[in-house]
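Note that the chains are named A, B, C, D and E in the order they appear, and that numbering of residues resets to 1 at the start of each chain.
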Amino acid sequence: MSALPEVPLTIEGASVLHQMMRIRWSVWRGLSAAERDTIVAEAASALAGLESGGRKASALYSLLGHKGDVMFVHFRDNFEELHQAELAVARLRLSDYLDVTSSYLSMVELGLYESTQKTYSALIEQGVEPFSEPWNAAVEETLTRQREAMKVRLWPEIPEAKYICFYPMDRRRGEQKNWYQERMADRARMMHEHGMIGRRYAGEVRQIITGSIGFDDWEWGVDLFAEDPLVFKKLIYEMRFDEVSAVYALFGTFYVGIRTRSEDLPVLLAV
Amino acid sequence: MSALPEVPLTIEGASVLHQMMRIRWSVWRGLSAAERDTIVAEAASALAGLESGGRKASALYSLLGHKGDVMFVHFRDNFEELHQAELAVARLRLSDYLDVTSSYLSMVELGLYESTQKTYSALIEQGVEPFSEPWNAAVEETLTRQREAMKVRLWPEIPEAKYICFYPMDRRRGEQKNWYQERMADRARMMHEHGMIGRRYAGEVRQIITGSIGFDDWEWGVDLFAEDPLVFKKLIYEMRFDEVSAVYALFGTFYVGIRTRSEDLPVLLAV
Amino acid sequence: MSALPEVPLTIEGASVLHQMMRIRWSVWRGLSAAERDTIVAEAASALAGLESGGRKASALYSLLGHKGDVMFVHFRDNFEELHQAELAVARLRLSDYLDVTSSYLSMVELGLYESTQKTYSALIEQGVEPFSEPWNAAVEETLTRQREAMKVRLWPEIPEAKYICFYPMDRRRGEQKNWYQERMADRARMMHEHGMIGRRYAGEVRQIITGSIGFDDWEWGVDLFAEDPLVFKKLIYEMRFDEVSAVYALFGTFYVGIRTRSEDLPVLLAV
Amino acid sequence: MSALPEVPLTIEGASVLHQMMRIRWSVWRGLSAAERDTIVAEAASALAGLESGGRKASALYSLLGHKGDVMFVHFRDNFEELHQAELAVARLRLSDYLDVTSSYLSMVELGLYESTQKTYSALIEQGVEPFSEPWNAAVEETLTRQREAMKVRLWPEIPEAKYICFYPMDRRRGEQKNWYQERMADRARMMHEHGMIGRRYAGEVRQIITGSIGFDDWEWGVDLFAEDPLVFKKLIYEMRFDEVSAVYALFGTFYVGIRTRSEDLPVLLAV
Amino acid sequence: MSALPEVPLTIEGASVLHQMMRIRWSVWRGLSAAERDTIVAEAASALAGLESGGRKASALYSLLGHKGDVMFVHFRDNFEELHQAELAVARLRLSDYLDVTSSYLSMVELGLYESTQKTYSALIEQGVEPFSEPWNAAVEETLTRQREAMKVRLWPEIPEAKYICFYPMDRRRGEQKNWYQERMADRARMMHEHGMIGRRYAGEVRQIITGSIGFDDWEWGVDLFAEDPLVFKKLIYEMRFDEVSAVYALFGTFYVGIRTRSEDLPVLLAV
């Protein structure tokens, strides 16, 4: 039997780019008040447009700490539109006073452990050969149905929450503990337990998972949105004890930011 | 039985930001004495205000070595106030002569291993289902009581000590030794033994633990305050042999600084 | 018996250099429109020449994210020609507005697990001593035949696809899992299974493997070319579960770019 | 029985700061000969003073390679004096032409494995409770006696040797091999064997060990002084095979320098 | 029995410094043609002198990729002469247009596994105590004889080959696989097998091994010289499967360069 039924199906939605930037305060301050006003006005107007893009919107956050002063989060329909967004930001006059310190490229992803198991079991029971034409057709049907059912989650609008927490992560591929060597059934069980914790926080935190295998240096990006940042700590700490996180999760850099709307730009950039 | 009773309860207090900075000496020296005097006066006056904020105060330290020349430590009521503190520093004219080299974002945290064990045991004995409404209510009651009892430690004033030692740390999640896979009872015992060492140093060193899961790249930040820096070495060396540190502690960068008050600024910045 | 029959034969073709660069937007914007036009015209003309080099061509990609704004990929007949290509780019006036952030040096490589096993088995059956003259002659004959048969893959033209995904990788040499300690037969089997996945994606993605042992900091470079970048994610995610990737693959930085032809340069560099 | 008798006693002496710096040659060369002469004269005069400080002296070394062009080593009585030394260097006009690339903060440390074992055994034999007042008094008496006996080694003058080799190191805390989990008796035996190698090199190399737990990012700093740098390689290579180094030593960056006295400064800085 | 007979004897020759540098093309291009000509003439004349130094010579290579544009390799009689070479390069006017990005400090080293085993066995058979005076005298005699016999390899002239490949490496000191814990007899056998591979490449590649324990951040540096760079890949790939490399070798950054003689400088630096 082929090993491939071990790979869970996924469906993808919006293309997402995070851009972390530092403000070059001393050069910025060197400008005249009039120049600064013009530049802020241009940037605020551009941001206002980006904010109101629905499922093709961008949001700006003020980051805490030295990893960056601001972070743009862009949701778009594809990578070409993300590239256009990146160029649009680079062409703002304000960009002369920003240094890009980091970024993250990914796509909204939903992992379908449950549907995968159901679909594969049914097909195998029917004696369908993996990757045969009928197998592929059945899989494609499952994907299409799920994409339709999950449309709102695949193409989300950026939550209105005051705080964001973004971090990339991997599943461990250690010499002894290796996620990609675990059986699908075990992974499905662990992911289910993991999801149950998230569910208890559903009212307080909104989560968007993006996949970045093949796109960036970690396997997934996680965006959390909440009105109170303490909930980020509570949720992630609690999850750290569940099996899939305790044993298999590796974390990258954490970024915490405060939503900064176009009308907040003049205050942020006041000197 | 749910795995969740394995997660210790925590209570949180002040939001804390550490900012490490280098002085751009050669540019600073390029200013006229009059310009430097004005800028120092502005900064000293601002620092005087920040120092006297009680539980919403900031302190400045002169760091030893190349990791930075100075470090600000800000204690505030929430992240938004921290962001305001960060902007206030960035807007000082002195900031044109400072480069931010690092930072750390966290919240004062007290881990309640003992209360957690008591509360959970009692609830389970009473047959209360984890995460049921009565369970959550009982937990919330414990937390509220502890937050009240620990108020002074959760919302501390910055100790007056001459020396500070700051470092971030993680609990190991190795393939064989994994803190988050140890039983709560074992973790509680190890944390207790760890605390007993700290207690013997209580007269010489003041310790503030902040949690940073979800906020920054390590799980905890440790601030030690003492009149004699040798005690940092003695304490941390002794702890390195206790089980929780020997086996499960991973350490980040260490920063050592000397308290620098507003009235010391002119001397520090003399050229 | 010598351990050497454990080394698979490889054949090599084009020399390849990847160059990742950031555009210095603020300096670029500081130029007059006329200066920019002249510089873009020079660069576009040079790029047009490089693009049409057949098996000695170069292509330019617009990268997504902060790792670089553009990436040159040069295919040449040898390292000296690559050096000339590098100098030619450095001498463009446009280069004054580019910072090279990374690079990768490698040669197109085809690993011949199957031929190696056949050739070695036949020779050993005939009682030929490894590395004796007749052994070497027979091996050389195999290599020559394969180089001729694989000529098109060894000296490829750069695919026309819209998207590129480049990343370097290693085979793990862990204390317990060590690719270079596995038997040739096992490695051949794992590589075969790995190749079967790639084959299912043949219509959607074009792959060029380059070897970089002795040339750069990872053992291989992988270039994927596709019209839809989602296929990069699908392919690499699926492969992550096959044995050779799950257990033995270590990945470097991922770069994703959009093909940018000479005629697209004015738009990319518009301010 | 408490686990604490596992911690070896240490005694500490001088506070030590290493500062690695690069010379900004092109800016330096841009000065007029007269300006350079004035700046060199000021620096040479300052260095002459620092060199003659006895146990509170500083020495300058010319480093080989790109990690820095020069390294200051400051020995002082405490961290506050080190901070003053750092500021004194920063205030030299020459500092405008130096970039600090690294540093190391530590205190001269002697580990007392033998005395610790003797003292603890005797106390336990007498039935004294660890950390009781009589226990602490006896320990303090041992420390005081040793501090007096070792005074010259605790507060050393900087050796006159032509070459220096500095590197930081850790004791391994791996998942299987963990220095801090080994029994005191085993550690004492390994340290003794380690010391026996050093003893055979006593005529050729002078060694100063400084402790940096709680002060900097490694646990110890090692300074070796010799007339012939080959002896650094011989000694460290030989030690790499003894058990404590082979199994438990982790090494940081190595710095090699040539003593540069105040009278050598004009030659070093000639353009 | 002392553990020391486990350390292989080594003999050392030339002191070696590698310097990797980037050309600051945009600043260089900003000069007038006349200025560039003068600076190139000075550098070419200096390089011509350095090239003809016999066993105290330097060579320049044009590096491929972003790790540097050029690499100097200096062979000298001792570290002081290397420091002089470094200063001589820093004082060239051309250095104002070069940034040193990396370096490596080492000494030509020959490991004498075979002689060590013979000498030690004979001495132990004769009942000579390790590190006694007669033991040391016998060892010194072996070293002296070998230094004389190996003189040409210890003090080599820089090979004329067109291509260089330089990389640093370590022997693994893992928790389970630890080179420094293996028996001398096993290490000698593995090194012998390793050497047999090199021997088959003797006509195509010249290898110089330098030791850097105590001098730089890796244990050894390897320089390979060849007319065809493909041989670097072939040799290192084949070696990767032998036991000593597969299990115990850890590799640093790889640098590949093309010999650039004084007469090639004007072409390299043409704009």
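Definition applied: a contact is a pair of C-beta atoms (placed from the backbone, for glycine too) under 8 Å apart; a residue touches a chain by one contact, two chains touch by 3 or more.
As the structure is a computational prediction, the values presented were derived from the model and not from experiment.
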{"item": "Third chains touching both chain E and chain B", "value": "D"}
{"item": "Starting at chain D, fewest touch steps before arriving at chain E", "value": "1"}
{"item": "Shared interface partners, meaning chains that touch chain A and chain C", "value": "none"}
{"item": "Rounded Å distance, chain C centre to chain D centre (Cα mean)", "value": "46"}
{"item": "Centre-to-centre distance between chain B and chain A (centres being mean Cα positions), rounded to whole Å", "value": "29"}
{"item": "Residues within chain C bordering two or more other chains", "value": "175-176"}
{"item": "Chain order around the ring, beginning at chain A and proceeding next to chain C", "value": "A, C, E, D, B"}
{"item": "Residues of chain A touching chain B in the complex", "value": "23, 25-26, 29, 62, 64-67, 163, 165, 172, 174-177, 193, 197, 200, 224, 229-230, 232-233, 235-238, 240-243, 245-247, 253-254, 256, 258, 268, 270-271"}
{"item": "Chain E-touching residues of chain C, taken from the complex the two chains share", "value": "3-4, 6-7, 10, 12, 17, 19-20, 78-80, 82-83, 86-87, 90-91, 95-96, 100-105, 107, 131, 173, 175-176, 178, 180-181, 211-217"}
